[in-house]
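Labels for the chains are A, B, C, D, E and F, by order of writing; each one numbers its residues from 1.
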Amino acid sequence: MSRYGAMYGPDLTFLGVPACDLADAASFADADVVIVGAPFDGGTSHRPGTRFGPSAMRQACYLPHDGSRPSLALRVDGLRDLRVYDAGDVEMFSGDIERSLSALEVAVHTVASAGAIPVVLGGDHSIALPDATGVARHHGLGRVSLVHFDAHADTGDVEFGNLHGHGQPMRRLIESGAVRGDRFLQIGLRGYWPGPDVLSWMAAQRMRSYEMTELVARGLDTCLTEAFRIAVDECEGVFLSVDVDVVDPGMAPGTGTPEPGGLTSRQLLDAVRRCCYELPVVGVDVVEVAPPYDHADITAYLGNRVVLEALSAIARRRRDAAGGDPWNPEKPLLDSR
Amino acid sequence: MSRYGAMYGPDLTFLGVPACDLADAASFADADVVIVGAPFDGGTSHRPGTRFGPSAMRQACYLPHDGSRPSLALRVDGLRDLRVYDAGDVEMFSGDIERSLSALEVAVHTVASAGAIPVVLGGDHSIALPDATGVARHHGLGRVSLVHFDAHADTGDVEFGNLHGHGQPMRRLIESGAVRGDRFLQIGLRGYWPGPDVLSWMAAQRMRSYEMTELVARGLDTCLTEAFRIAVDECEGVFLSVDVDVVDPGMAPGTGTPEPGGLTSRQLLDAVRRCCYELPVVGVDVVEVAPPYDHADITAYLGNRVVLEALSAIARRRRDAAGGDPWNPEKPLLDSR
Amino acid sequence: MSRYGAMYGPDLTFLGVPACDLADAASFADADVVIVGAPFDGGTSHRPGTRFGPSAMRQACYLPHDGSRPSLALRVDGLRDLRVYDAGDVEMFSGDIERSLSALEVAVHTVASAGAIPVVLGGDHSIALPDATGVARHHGLGRVSLVHFDAHADTGDVEFGNLHGHGQPMRRLIESGAVRGDRFLQIGLRGYWPGPDVLSWMAAQRMRSYEMTELVARGLDTCLTEAFRIAVDECEGVFLSVDVDVVDPGMAPGTGTPEPGGLTSRQLLDAVRRCCYELPVVGVDVVEVAPPYDHADITAYLGNRVVLEALSAIARRRRDAAGGDPWNPEKPLLDSR
Amino acid sequence: MSRYGAMYGPDLTFLGVPACDLADAASFADADVVIVGAPFDGGTSHRPGTRFGPSAMRQACYLPHDGSRPSLALRVDGLRDLRVYDAGDVEMFSGDIERSLSALEVAVHTVASAGAIPVVLGGDHSIALPDATGVARHHGLGRVSLVHFDAHADTGDVEFGNLHGHGQPMRRLIESGAVRGDRFLQIGLRGYWPGPDVLSWMAAQRMRSYEMTELVARGLDTCLTEAFRIAVDECEGVFLSVDVDVVDPGMAPGTGTPEPGGLTSRQLLDAVRRCCYELPVVGVDVVEVAPPYDHADITAYLGNRVVLEALSAIARRRRDAAGGDPWNPEKPLLDSR
Amino acid sequence: MSRYGAMYGPDLTFLGVPACDLADAASFADADVVIVGAPFDGGTSHRPGTRFGPSAMRQACYLPHDGSRPSLALRVDGLRDLRVYDAGDVEMFSGDIERSLSALEVAVHTVASAGAIPVVLGGDHSIALPDATGVARHHGLGRVSLVHFDAHADTGDVEFGNLHGHGQPMRRLIESGAVRGDRFLQIGLRGYWPGPDVLSWMAAQRMRSYEMTELVARGLDTCLTEAFRIAVDECEGVFLSVDVDVVDPGMAPGTGTPEPGGLTSRQLLDAVRRCCYELPVVGVDVVEVAPPYDHADITAYLGNRVVLEALSAIARRRRDAAGGDPWNPEKPLLDSR
Amino acid sequence: MSRYGAMYGPDLTFLGVPACDLADAASFADADVVIVGAPFDGGTSHRPGTRFGPSAMRQACYLPHDGSRPSLALRVDGLRDLRVYDAGDVEMFSGDIERSLSALEVAVHTVASAGAIPVVLGGDHSIALPDATGVARHHGLGRVSLVHFDAHADTGDVEFGNLHGHGQPMRRLIESGAVRGDRFLQIGLRGYWPGPDVLSWMAAQRMRSYEMTELVARGLDTCLTEAFRIAVDECEGVFLSVDVDVVDPGMAPGTGTPEPGGLTSRQLLDAVRRCCYELPVVGVDVVEVAPPYDHADITAYLGNRVVLEALSAIARRRRDAAGGDPWNPEKPLLDSR
C-alpha cells in the first residue's frame, strides 16, 4: 500500500502538516499524532455526505495552511509542539462497509503501534468501531475507556439487516471486548432513540450515559468531572469520540441525524479541551460532519476546531507534565503563561 | 367534509401516527390527542412560507415514521402511551383569512369536544385565535389560560386594514373573552414591537409578559415557575402556543419575522417540557416554521421536537398522576425510571 | 416480505397513485406499471444523496397528489389511462451494495413477471444492473435493448476495488449477457471519462455512444431516429435508463457527478417522449437525482417530469395502437386531439 | 391616498427612476410609463414568496441605481427616452384577495387613465385580473388583446373554494368581457394542468394556446409571428403578461410552481422584445418571481431584465415610428444605429 | 462632494431615518447620531462580501422602514428620541485601501466635529482605523478608549505586504497614538491567531484582552464590569467596535473569518446595551457582516439589532441622565418604566 | 520569489498536475502550459468572491486528481499530451490593485518568456490587463489578437476613481498598444452597459463586438468563423479571455455581475474548443467565477471544463499539425479517431 491520497478531492494534509504514508513506517516514525481520513458514509441511516468530512475539516480555516496553530487559550501550538503527520485517506468504498471498516482498523492500528495517537477524521460514526478497536488492540482490549460526545447512544444491534452502521459501533465495541461497557462515558444524549430494549442492554453493560436533562440539571462540568474519574479507573488510556451532532443543529447543521437541544459549540470545545488536558488520550475521532448539509462551512470549521482543541490540550498536558505551570483558565490572555 | 389531506404535498401523518377524519367522529373517538395541520400564511406580515410548516414538521425526523417515539428524557412514548391521531390539514386558502380561520376553529373545537387535546401545526400565528377559541369554547370562555412562547406579543390591533393577521391574535382572544388578559403568560418577548400604545393596552389587560431582559436577569426557570402559578389560578386548562421565533434566529432561521437575541433550542425544549408536565394542558399549537427560509431542515426539526416534547411530557404527567414516581431530571439516563 | 415503506421519510406513493405490496401479487395483478423506489447511494463515486431521490421525485409537484396527471402535450393521463401502482422502496442498505442490488433485482423481476413495466426511481446508477437484469430475465437475456441517457458511459471495470458502483453497471450488463453490447444506445456522453482502454472495450462490444459533439453536429433528433432503429432490431423490448446528469448541471444541479455542457431539460423531456412513444419500452429507471445538492427542488421536479413524460407517452402509444390518430406535435393545443 | 411606500422592505424605485404618488395626479402627469408594485402572494396555490418580487426586481442590478439603462441591443434608454415613474407598492394584504385585487385595479386604472402604460411588478399571477381589467376599462372592454407568456394556462374556475387565485385570472378576464377569449395568446404552456374540462372551456372561448411541443416543432418565432397577427386584429392595444415560470426552472428557480421544460432566458427576452417592438403594448405585468426560492438573485435579475427589455423595445418602437431606421437584429453592435 | 448614495444597491437610509449629506453641514447640524456606510472589503484576508454589509444592515427588518424603533427592553425609541440621520455610503473602492480609508476618516471626522456620534456600518474591520481615528481627532488623541468585541485581536503588523487590512487596525491605532494601548478592551478573543510575537507586542502595549476562556471562567458580566472601569479611566469617550464574528458562527454565519466557540447573540446584545448605557460612547462601528455567506439574513438582522441596541441604550442613558429612573433589567415589561 | 502557494485555502495544483515555481526556471523549463492562480477580486464593481475562483476551479471535479483528463470529444489528454504545470497563486492583495496587477504581469510574462502558454485562473476581469500584457510583451505589442467571451465589453474608462477594475481592462490594453483595437473580438455582449460614449470610443478603435442579438440572428458559428478570420489577420497569436458570465446566469450563477440572456454552457464549451483548435492560442484566462454565489459548484465546474476544453483543443491542434487526421465532430465516439 502506498499513500492513498484523497478519494474525494485533492490530496491535502490537515492545515498543511507534513504528509506521511502508512505503508512507509519511516515516514511517521517520530510522530506524536497521525491524522487519518475516513471518507465513508455507507453506514449512515439518514443523510449521507460525511465522506466529504475529512476534506472539509482539513481545509476549513481562514489562516494560512502552514502547519502551525498557536492556541490563544492554551499557549501551545498543537501542530508544532507535537509532531503531527497526515496519512491521507484510507480507501473506503461506501458500498462495502465490512471491507472499509477493516481497512481503517488496519490503518489505525498501524498508527497506534508506532506509538502515535491516531486522530481519525470521519466519516460517519460506523468508524468508531475500527478506530477504538485499532487503538485497543495496541493498548490492550478493555484497557482503553471511551469518552463519547454524541446526541445518540449508537448502541443499536442489527439495522438494515446489518451488524454495522453508524448507530451500532458502541455495541460492537463492547461485545468484542475492545472497550468495557462500564468504561463508556456518553455525553449529550437526547431525543427519541434508542428504545427501552436497547437502554436495558446498555444498563446491563453498566454504561454511563449523560442525557441532556442531567447535564442541564447538574451542570456539564460536574458531570464531566464525574465521568473523567470513571474513565481512568483501571484504564491506561482514553479514546475520545466526538460526534459533531452533540452540538445543537442550529449551530452545527451539517450533519446527518440532527437532534435539537444540544450543547453549544463553546461547550463542546471546552469539554474536549478538558478531556484532552486532564486525561491520557490515546486516540481521537471526529465524525458526522456532512458538508452537503452545511452552511458557509460552519460545521466543518467546528470539526476543524475540535481537532485543534484536542491537539492543543494534548500538547499543553505534555508541557505541564514536563514541569510547566498548570493551566489556569481564569488568567488573562496577555499575562505571561 | 371528508378527510382533506394535504394541500401542500402528499397526505402524511405526523411521524406515522394513525390518520383520522374530523368528519367521521368514530375515527378519533378514543383519541387523547389529535394533530391538525393549518397550512396558512395569509396572515404573515413579512416572509411567508409557513403553509409548508405542517408538512415539514410531520416529516422532519431521521427515525422511521412508525408512530413511536420513546423519549430518552422522560421514559414514555408520547405517540404510543397516548392515543394520537392526525386529522390531516384543514383547507385554508391563504388569500381568505376570515374563512380560513373559521374553518380551523371548527376543526379545533371538534377535537376538543371529543375530549382530545388538539395539537395544531401552523401556519402563521394568526391561527392562535381559532386554536385557543376552539378550545375555550369547549372548556369555557375565560377558563383556559394561555402560555405563549414568542419573540412578539402579537397584540396588535388593525394591521394592513384587517383585524386578523399574525401580529394580532392575542388581542382578539382577549377582546372576545376567550382568554382572560390576566391569564396570558408571554415568554421571550424582545425587540422593537409593539409600541407604547399597545403596551399600555396590554398592561391594562393585566397581561404578564416576560421580555428577554427579565428572563436573563431573573433566570428562565424562576420566571416560568412564577408564570405557571398564575396560569392555573382560576383556570382549568392551559393552552400552549409556541412560536418558533422565540428561539434565536441563529438556531431557528426558518421563520418569517426573526428577532435576534432569543432562547436556545435547549431552553425552549426544557420549558415546553416543564409546561406540559406541570400544567393541565388542553391544547397546543406550534407556529411560524417557514421552510423556505430554513436550512437543512433544522427549524422543522425543532418544531417536530417541540411537538414530541409536549406529547412526551403530557404522557409522563398522566403516568405520574396514575401513581408513578415523579420525574427527576437529575437521575442518570440508565437508572431504572 | 411485506410492504417495506420508505427508508428515508414517510411511506409515500408517486403523486398519490395506489400503493401495492410486492409480496402480495394480488395487490398489483392488473398493473400496467409498478413504481419501485431504490433509495441507494452506496455506489456513488463522488457526491452522495440519491438515497433521497425516490422520496423527492415522488413528491416534487405543485399539483394535488391525486394520482392523476393529464398531459397537455399528449392528451392522455399517464397515471389514470395506465394502471399504475407504487410498491414503495426496496430495502437497500447503502453500506452493502451486493445485497442491495440483489434485493432490487428480485423486486424488478417480480414486477416484470407480472406483466407490468417496472419504473425504478433511483438511487445512483448502480441500480441499472439489477433494473435491466430483472427485466431481461423475464423478456429474455439479450432480447431487450438499452436506451441510455447519460453524461457518462458507466462502463468502468473495477473501481474502489469493487465490481459494482455507479460507473460500472453497463459493463456488467453486457458481460452477463443481459443486454447485447450492440443494442446499447448511449445519448449525451461528454467530458473526460472513461479513458482509451474502456473506450476500446466499448467499441469492441459494438456499443453505439452519441457524445454531445455528434449530437450537436448532426442534431439530436437525427441521432435519436438512428438509435431507435438499432434499438428495435432483433429486440422485443427496450429498457430506458435516464441519468439526470445528461442534462446540463446548470439546469439540473442536484446530482453527484455534474458534467457541464449537457442537454437542456426540454431536450431530455422531448427525447424521453419520443423513446416511449416510438419504442416498445418494457422498463424504465430514472437515476442520480441527489436532493442534498439540489436547489428549490428543480432537479427533483425534472426527475418527476421524466417519469410522467415516459408514462404519458406509453399511454399515448397504447391509445394510438388501439386505433387513435397518431400524435402530431405541430397541432395546436386546443384543437381536438 | 398618499404614496404608500414599500410593505416589504424600504421604499425603493425601480433602478432609481423618479417616484410618483398615484394620489397626486400631477406627480405623473407627463408619464409614459408608471411602475406599480403588487406585493401579493395570497393567491398562490403552492410556494409563496412573490410578495417580495417587486422589491427584488427593483433592486436586481449590478449597475448604479441612476434611472438610466441604455440598451446595447436597441440603442435606446428605456428609462430615459421614456418618462418612467415608480408609484411604489399598492397596499395588498395577502390574507384578503378580494380587497387587494380591487385596490390594484384602481391603481392600474389610474395609471392607464392618465395615458401612461402601467408596468406592474408582481406578486403572483392573480394580479393579472386587476392589471388587464384596469387597462381594459380605459381602452375599452374587449379592445385589448392579451399576450401571455406562461407555463400554465391560468384558466381554472373555482380553486380552494375561491374565484380568485393565481390559477384563475385568465378565466375571470374572459368571463367579465375585459378580454376576448379569441384575443388571448398563450405562449409556453406545458405540463399536466389544466385537465380536459378546462381545456374544452378554453377551446370554446377560441383561445390560442401554444404548448411547448408546438413551439419546438414549428419554431418559436413562427408561432410568435402568427400570434402577434391575431393580437392586433380588431384590438387597439395589447397587454403583455409575463409569468417568469415560462422559463425553464433550471434557469429561473425562484418561482412557486416550477414546470420543467420551458424556454431559455434568451428566448424570453427576445420574445418580449419582439412583442413590445412590433405591437401596441398598453400594459405589462411581470409576475411570479419568488425570492425565497431564488438563488444568487438570478430570477430577480431575469424579472428586472424583462421589464427593461419591454421598456427598451417600447422606446425603440416610438423612435422608429417617429422616423428612425427600423431595428435590424443582424447589424453589428458598433455600427452606427 | 454631494451625497454619494449607495455603491452596492439603491440609496437607502437605515430603517427609514432621514438622509443627510456630509457635504452639506446644515443637513445634519442638529444630529445626535449620523450613520455612515463603509462598503469596503478590500482589507479582508479571507471571505469577502462585507461591501454589502451596509445595505444589508440598513434593510434587515420585518417592521416598516419608518424611522422609529421603540425598544421593549429600554422603553425608548433609539431612532426618534435621538436625532439620527443616515449620510449614505462613503465611496470606497475595494481595490485601493489607502484612498478608501482616508475618505472614510474624513467622513467620520466630519460627523464627530459636528458634535454627533458616528455609527459606521462596515465593511471589513480595516475601517476601525479611520473610524476611531476620525473620532479621536475630534475628542483628542489618546482621550478615547476602545471597547472591542471580536474573535480576533486585529493587531497584526504587515500582511499581504501591506500595513492595512482587517487584521491590523488595532495596531495602527496604537502606533499612531489615536488610542492608548492600555485603553484597549478586547472581548471575545479565541482561536489560533495571532502568534506569540504579536501577543508579546500586545502585552507590551498593556492591552487588556479577554479570551473566551476567561470570559467563561469568570463570567462575561464580571469581565465587562472590570473592562468598563478601565475604559473610563482618564478617557472622556469610548469608541465601541463590534465585529459580528464575536458571536459563534453557528449563530452568525455571514462573516468572513468564522471562529467557533463564540458568544451567543443574546450575550452580545446585552453586552452592547451595557456598554452604551454605562459608558460615554462617542462612536460606534459594526463590521464584518458578509451577506454572501449569510443565511436567511440572520447575520444582517443581528448587525441591525446591534445598531439599534446601541442607539436605544444611548437614548436611555441620556434620558436617565436627565433625571429619569435608572433602568432596571429585572422589572416586568408591562410595569410602568 | 519562492513558490507562493495558495492564499485562499491549501496549496493545490489543477487536478493534480505537477507543481512548479516561477522563481525556479528549471521547474517549468519544458512546459507547454503553466497554470497561474490570480486570487484577486479587488477590481469587482459588485459582488466579490472571485478570489476563491482559482481554488474552486482547480478542485471542481468528481474524477481523481491525477493530472490526466482524456477528452471524449477530442481523443487527446490535455493534461498529459501537453506538459502542464501549476505555478500556484500569485500574491495579490485585493486592497491594492496596482501592486497586484503588476505582480501578475510579471508572472505571466515569465511563463510566456519560457515559451509556455500561460493559463490564468481568475480572479475578476481586472486581470485581463496583466494577462494579455504579459503575453504581448513576449510576442510583440500589437501582435496578439484578443478573443473575448463576455457579457460585458469591459472598456470603461475611470470607475470608482480608478483606472483599474474589472470593467476597464480592455480599454487599458488598447490604450497601451498591447492589443490592437481592431483585433479585439468580443462575443456575447448584452444588457445595459456601457453607454453611448464608450460605445463610440469602441467603434473608433474598430473593435468587433458581437452582441447576443447578432449572435442569435446570424448564428454563433457563423459569427465565430468571421471573428476568427479577423483574429489571425496580421497577428501571430491569440489570447483567449473567457468571462464565465458570458453564459446565462441561470446556468452559471456563481459570478459577480450576472446578465440574463447569455450563451448555454454547451455553446461556450464548443466555442472555446473551436477557438483553441482553429487558432494559434498563446494565452488564456478564465475569470469571474465567484464561489460565494455558486450553487453545488456548478459554475466552478464550468470554469474547470473551460480550461480542460482549451487544453484539449490545443493538444489536438498540435497532434493534427503533426500529421493526424483532422478532427471531425460528426464522427461517432467509438469509431477510431
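Please note the rule applied: a contact is a pair of C-beta atoms (placed from the backbone, for glycine too) under 8 Å apart; a residue touches a chain by one contact, two chains touch by 3 or more.
Since we're looking at a predicted model, the values are computed, not measured.
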{"item": "Neighbouring chains common to chain E and chain F, by label", "value": "A, D"}
{"item": "Between B-E and B-C, the pair with more C-beta contacts", "value": "B-E"}
{"item": "Computed distance of Cα centres, chain E from chain D, in Å", "value": "43"}
{"item": "Whole-Å gap between the CA centroids of chain A and chain B", "value": "38"}
{"item": "Separation of chain B from chain D, taking each centre as the mean of its C-alpha atoms, in whole Å", "value": "41"}
{"item": "Residues within chain B bordering two or more other chains", "value": "46-47, 248, 250-251, 264, 293, 295"}
{"item": "Touch-based graph of the chains, sorted into line, ring, star, complete or other", "value": "other"}
{"item": "Residues of chain F touching chain D in the complex", "value": "45-47, 189-193, 195-196, 199, 202-203, 207-214, 216-218, 248-251, 253-254, 256-262, 264, 293-295"}
{"item": "Of all residues in chain D, those that touch chain E in their complex", "value": "5-6, 9-13, 16, 58-59, 65"}
{"item": "Contact set on chain D toward chain B in their complex", "value": "7-8, 41-44, 46-49, 51-52, 91, 93-97, 99, 126, 160-162, 164-165, 292-293"}
{"item": "Chain A residues within the chain E interface of the complex", "value": "62-63, 68-73, 75, 247-248, 250-252, 264-266, 269-270, 295-298, 301-302, 305, 308, 329-336"}
